[in-house]
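Common to both upcoming complexes is chain A, partnered first by chain B, then by chain C.
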Partner chain A sequence: MTLDAFLFQVLNGLSSASGLFLIAAGLSLIFGVTRIVNLAHGSLYMLGTYIAYTFATKIGGVTGFWGGIVATALIVGALGAAIEFVLLRRIYRAPELFQLLATFALVLVINDFALWLWGPADLLGPRAPGFRGAVEILGRRLPSYDLFLIVIGPLVLLALHLTLTRTRFGRLIRAATQDREMVGALGVNQAVLFTSVFALGAALAGLGGALQIAREPANLATDLIALGDAFVVVVVGGMGSIPGAYLAAVIIAEVKALCIGIGTVDFGFVTINFSKFTLVAEFLVMAIVLIARPYGLLGKAQGAVRSIAEPEEPIRPATPLLKAFGVAVLAVLVCLPLLAQSSPYVLVLGIDVLIAVIFAASLHFIMGPGGMHSFGHAAYFGLGAYGAALLVKWLAWPMGAALIAAPLLALAGALLFGWFAVRLSGVYLAMLTLAFAQIVWAAVFQWEGFTGGSNGVIGVWPPPPFDKSWVYFLLTLVLAVAAVLLLRRFLFAPFGYAMRAGRDSPLRAEAIGIDVKRVHWLGFAMAGLVCGVAGGLFAFAKGSISPETIHINRSIDGLVMVLLGGVQTLTGPIAGASMFALLQDTVMRQTEYWRALMGAIILLLVLTFPQGIVGAFASLWRKVGGRT
Partner chain B sequence: MKPTRHMLALATALACAFAAPAFAQDTIKIGELNSYKAQPAFLEPYKRGMELALEEVNGKGGVLGKKLELIIRDDGANPGEAVRVAEELVTREGVVMLTGTFLSNIGLAVTNFAGQKKVFFLASEPLTDKITWADGNKYTYRLRASTYMQTAMLMPAAIAANAKRWAIVYPNYEYGQSAAATFKDMLKKAQPGAEIVTEQAPPIGKVDAGAVAQAIDDAKPDAIFNVLFGADLTKFVREGNTRGVFKNRTVVSLLSGEPEYLDPLGEETPVGWIATGYPWDKIKTPEHVAFLTAYQKKFNDYPRLGSIVGYTTIKSIAAGIAKANSTDTEKLVEAFKGLSVSSPFGTFSYRASDHQATMGAYVGKLALEKGKGTMTDIKYIDGASVLPNDADTKKLRPAAD
Partner chain C sequence: MSVLELRGLNKSFGGVHAVRDVGFAIGKGEFLAMIGPNGAGKSTCFNMINGQLAPDSGEILCEGRNIAGLAPRDIWRLGVGRTFQVAATFGSMTVVENVQMALISHARETYRLWRPASSHHRARALELLAQVGMEDVAFRPSRELAYGDVKRVELAIALANDPKLLLMDEPTAGMGTSERHGLIELVKRLVVERGISVLFTEHSMDVVFAFADRIIVLARGRLIADGDAATIRDNEQVREVYFGTGKTFALSASQGAKA
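Now for the complex of A and B:
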């Protein structure tokens, strides 16, 4: 690459950075003040692209394009305010992270809404009036719209910076980011503040989307892509830091542009195509930054959030009633093969539900009692699944040995990643786990020769007698029961108490001699181990696996299962996983707009059971005077 | 789009599924699974194509005296889900065969499932060569021209360009990788002097179009082989046009002439690219005109390539069952060997050697007419003409039969 080419790629990087920054800034603001992990942020961005496209094509011309961009930002901002006002406000008192569930439902609903309103085809907007052509720089042609974007990013940064530092509204935002209860105690109307911050964040997302229509088509996949990008930028820059978000956007965009610019390099002994690294570049950057600077480049340690949720009840051993219920459920499950002779599909579904139960229970183990919100739990599921499948494929191991090796591989991964992750807390821990999961995903995706790349590994079927679904179902049942009981046993052992002590009060736990990091690290590893069992079972149940087993969607599914059931209860993940798996099976069969229906059902559950389903029943039980 | 009608159709299908066995015996159930939510641009027209074919088949009294009944499921764009859905279709709905799938990894997972559970599977759309070759099995057939075939169809044009320096750009997953590998392989054989000066492999759906277009321009190629499609293609074309990357360069491009990917480009359509595609407004064969008329009459919209694939899938199934004179799996497997099917693209057959259909594709130059993308100088390339002969094919299918 010549120097000119290098400098020119730097310019390309800067224009991409502006786009990244605009999506990320809003997310950062919203998280900083409300502590909501807004999964719907990418959906707001996507709506921005569609709405701006509509303005630009229906009205057209300068008004339609530039006026449309402004109007889009306002409309999406208003929508953000409405989301906060109608939905999120009702669930601020729910356990931490629960709001994530509501925003997840919004992702599903908004995507189907866009499909319904704008149709399935990609929609490319017109070129920007006034910026149609290119300018000659360094003997190359740079689209003038890219120059415009290079300028607009820092301008928005400046405007936000001035708002945050020079206005009363900005002071309130900064104060709330540091200590929102104190802001409330000083007489500031938090409700209004939250709504306005949400509206501002949403408007920025809408603006970011609207500005992209001259460069890329509005399409239904942008919501999750934009969300992923935004999270990485926000975390690398430091949650709540707007300049940090810009800096992070520039770094990530430049790394990518340079990887592309370098292209294929022959090192003599090995040829590397650097353009392939763009798949994983941002997550590598994120992992490195978080390991070196736990709060991101310009972030500060999060102010303590004195939770406004009701304090969590300590967990208690199962009552005789619950035990009896458990035995009854188990008895039904054991008899299921007999009951299901006329409809063998019940067993197939049962296997899926049980695998989901193991997955969710292992995630809950670190999320609930451990207080470590892993956003990358699919990594251990995937390590287990790939471990088992690859041992069968390359070394022709029998199923039994592969199923034993699967959790051990997941354990190894969890020990490695956990060692770094437990050094962080809160959302930074969540994001580091996500980064690790993405790195594993990218490695599996990229390593065509060994893992089968995007097609994955096929032909991993269980040998007789396990090829009959009732035998495999019983195997899965045995392992699921063992996994759940093992995790419970751990929680009621001194180890479990130490883990919870470390979650609730790290300083006091340290003071009485608990090595909190070590305990959390082992807890993390334990969860990985059990999750690996689920992965191994999954591989043989499906006969084939592909990188989807490690994809972020699976991690999010896990979070949804745990939150749906109730993060503060031990039976919650079991109920949540069963519910989610059955719901998915039913809903996907019933309707064309199944995602919207799924989202609507989750929204309904969220509003009805803000502590999760089991959590709600448990507190109801307590209210009527019973004991859990 | 008319959601109510689809829902009604689905509700009817469901109602039939739960209806009394006496009624169920009057129909032949076909299970179809696809990534409807993940790939709506291709699959909504595909579904319409299936509906049209179903109407035609059943309007003539169905097959073996029974009506065909389609049970459609979303596979969640995830192989794990897809296998569960396939099991559900087979065990709960009692379908006689499976069809569908779009993404290669899902197509392969269902292919493998079909082999394991001995279920007949007609893969309609997934392009990966492995479905019929490396991982092909006795129970799986495939309709759509594979990655290898599509690339081979473009080779004559690529070689005619007589370019010394080639740039390649492809989405970084199996489809892109194998298209690029096939292209390099064939280019090397036909034109040993040609050199690949840059190879860009952006992640699918996330191309940094400006940087990629620039890197290609900086490598100063004489010609470009493009495998990008969908939103990636749209972004790449706009950046490339603005930056003058395609000026005075031959561009050979896979799938770009398909309305699904060409239409979003609109006025941005890169004129002169040589591409495979489906110029629905230019094909004047009687078979196609009949299809086009019926389709436009029913849906008041023009067909996309997905419509052709969906339509032909159902027609293949009807022909296969009629030839087998049974819905028995083994008999279907036999019947599809050499099965001849008439389609909007003319008559083609399913090869006995690798279970690949010989339905071809159109190759032509992208053009801009009235602000919309289309193709000129179109030529139909028969799939049979680009496939290896039976002896070579046998070597490619180690796992089959």
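Now for the complex of A and C:
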């Protein structure tokens, strides 16, 4: 790359940085004050693009475009205030995990709302009145709108900085960010502060989205992409730090721009097309920063971790009643193949349920007893699924070998990612695991030659006799039962106790000689291993896999399964996964708007059954006097 | 040789010089009290000895070996146990499981995956609980215990690895007078039987003067006195710290208990 080309890419990077900054600044502000990680922030950004598009095309002209951008910011800001007022206000005291899930439910609902209102097609907005041309710089033509964007980022940064330092509102925001107790002491109406901060953050996201319509079409996938970007920027910059967000936005946008600028490089022995690795590069930057500075470039260590709302009961061996119930369920499952002729769909459903059970049980293993809320468990599912499928595709391995290799690959991934993840806790751990999962996803998605890219891998069918669904069902059943019983065994063994000890009180655990990080790391690895089994089984059950298999949605599905059953009970994830998989395969398939339905279920769960279904039954049982 | 010897220990937090040039030694079987007003640097000293904090400079010798900067778990393996100012147990386990966890770790069985933890060292755990008078609540969840009982359970946990030295940071904080005396009496009896040395902090001067073999006094991070009860009572500097505002030992003690 020549120096001119390099400088030109730097300019390009700066214009993207502004967009990143706008969305990240809002997320950061909201987190700083309310301590809520708003997963719906990308959705607000997406709404910004759609609303601004509507103004720009329906009204048109200068008013429609520029006036529309201002109106969009105001509308999305008002929506943010409404969300805070109606939903978040109820869950400020809930465990972090529930807040994350509640805001993710909004992602699903808003996405389906946009689908319903604007339809599935991409919508390209008009070019910006007044900035239609291009400027010649360094012998290349840079759209003048990009120059405008380069300027707007620092302008908003300055405006926010002045607001934060020169106004009473800003001082309150800073006070709340730095010292939560102080807000109460100042005698401020905390509710008003929270609502207005949410409105401001949402308005920034709306503005960011609106400004993009002259460059990119409004698209239903923007929400998660924008969220991923905002996450990375905020975490790299430091949660709650606005200058940090700008710094990080510039670094990440530049790294991406340079990846594109470098393009394809021939190293002699291998040719790498760097422009295909922008997503990987972005998350790599995040992982590196989090490891070197766990609280981001300009962030500060966060205060004490919130404790779980309901204290956990000691674990007890299964009662005779529970054992009898387990045996009965197993007996029914073993007899299920008898239905192979009359209703074959039951077996397909059964396989889905069993795979979900393995997936959820492995996630629960680290989430419950380990206290590590992984938002990227799909990574290990994906490593298992892709590992198996690619071994079949490229090396023509038999199914047995591929099914053994799948969990081992997942184990290797979990050992690598887990080593970093256990160094963090709370939302930071959640984000890092998410980032790792996105790296896996991005690698699969962008490495077309090897993984098939968005087309995935097809033709991964099990050989006879496993091609009969009842045989494959029995194989899945055996592995699922083994996985569940093994994980349960580990939890009752010293290792499982050590994992809980490290979660309950890391200080005390270390003071009695337990290497908490190491125990949690190994726990993380075991969960990855078992999850890989689910992934391998999935590949052969479906016959094909695609990046969808390891999408963030799968990670979230896992969280919902565990929470649905109850994170504090050992049988919870089994019940939760079964119920979830049944719901997904039956109800969800009936409607185009399954996302919204799913979102509604999550919200209901979070607001009414915080202990999960098994947990709710257990405490009801205790209340009526039975001791378990 | 001393069980523990501190030499020229220093620790600052930003601008706060919490511990300055502190040095003292604990002999085998000695019951040593560390006293001083709130913020004197007592907890910081404890945290450095047990490895939770690394000192900025200075040496911490455990039977002649410098342990400064080692991880808490490694220091524990060398036979230094501790209880915390804010009591900490594993809330999702029963009382006896809490003690078993320490015994499991001591026997290096933490990574075992098969035999249930509850069947490891149960008899020994119950025996330890009996020694601190907690056998009746052995099968209750530890988070349901009254505060004073938690302190006793912590003591049983701390005894699990046959320590040479026990660090007890305000073991009686938040207790009434009789409960306070009861606990220290129990500690003293248990450690004398076993020849364990104890370093403890305590706000009640009654307790300190009644039980401690020796007393060291910390004020604003410095060690200002070291000696037996009579020496400390007559020490000018100590009087200044405690009587400076016309308070008596008893008065300052009751205030300390509230703080």
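Convention: the second predicted complex is superposed on the first by the 529 of 628 C-alpha atoms of A that agree within 3 Å, B and C clash if a C-alpha of one lies under 4 Å from a C-alpha of the other, contacts with A are read in each partner's own complex, and residues count from 1 in each chain.
Assume a residue touches a chain if its C-beta (ideal position, glycine included) is under 8 Å from a C-beta of that chain, and two chains touch if they have at least 3 such contacts.
Treat the numbers as computed from the prediction; the structure is a model and nothing was measured.
Asker: Considering only the touch criterion stated at the top, classify A:Ser275 as touching first (chain B), second (chain C), both, or neither.
Answerer: In the superposed model, A:Ser275 contacts chain B only, not chain C.
Asker: Which holds for A:Ser544: it touches chain B only (first), chain C only (second), both, or neither?
Answerer: First partner only.
Asker: Would you check which partner chain A:Gly572 touches, where first means chain B only, second means chain C only, and both and neither mean what they say?
Answerer: Neither partner.
Asker: Pick one for A:Arg500: touches chain B only (first), chain C only (second), both, or neither.
Answerer: So A:Arg500 only meets chain C here.
Asker: In this superposition, which partner touches a larger number of chain A residues, chain B or chain C?
Answerer: B
Asker: Answer with first, second, both or neither: which of chain B and chain C does A:Gly513 touch in the superposed model?
Answerer: After superposing on A, A:Gly513 lies in contact with chain C but is clear of chain B.
Asker: Between chain B (first) and chain C (second), which does A:Gly19 come into contact with in this model arrangement: first, second, both, or neither?
Answerer: Neither partner.
Asker: Is A:Gly42 touching anything from chain B or chain C once the two structures are fitted on A? First, second, both or neither.
Answerer: neither
Asker: Once chain A of both complexes is superposed, is A:Gly413 in touch with chain B (first), chain C (second), both, or neither?
Answerer: So A:Gly413 meets neither chain B nor chain C here.
Asker: Show me the chain A residues, by the header's touch rule, that chain B contacts in one structure and chain C contacts in the other.
Answerer: Touching chain B and chain C on chain A: no residues.
Asker: Which part of chain C faces chain A closely enough to touch in the complex?
Answerer: Chain C residues touching chain A: 50, 52, 71-73, 76-77, 81-82, 84, 88-94, 97, 100-102, 104-106, 109-118, 120, 141, 143, 157, 160-161.
Asker: Show me the residue ranges of chain B that touch chain A in the complex, using the header's touch definition.
Answerer: 1, 3, 6-7, 10, 14, 36-38, 40-41, 43-44, 73-74, 76-81, 83-85, 87-88, 91-92, 104-105, 108-109, 111-113, 116, 128, 130, 135, 172-174, 177, 198-203, 205-206, 208-212, 214-215, 217-219, 230-231, 234-235, 238-239, 242-244, 260, 263-266, 268
Asker: Could you list, by residue number, the parts of chain A that touch chain B in their complex?
Answerer: So the residues of chain A in touch with chain B come to 1-2, 5, 8-9, 12-13, 15-16, 111-112, 115-116, 119-124, 127, 133-134, 140-143, 145-146, 215-217, 219-222, 225, 253, 256-257, 260-261, 263-264, 273, 275-276, 278-279, 343-345, 348-349, 352, 445-446, 448, 453-456, 458-459, 461, 538, 542-549, 553, 584-585, 588-595.
Asker: In their shared complex, at which residues does chain A touch chain C?
Answerer: Touching chain C: residues 311-315, 317, 489-490, 492-498, 500-501, 503-505, 507-515, 519, 522 of chain A.
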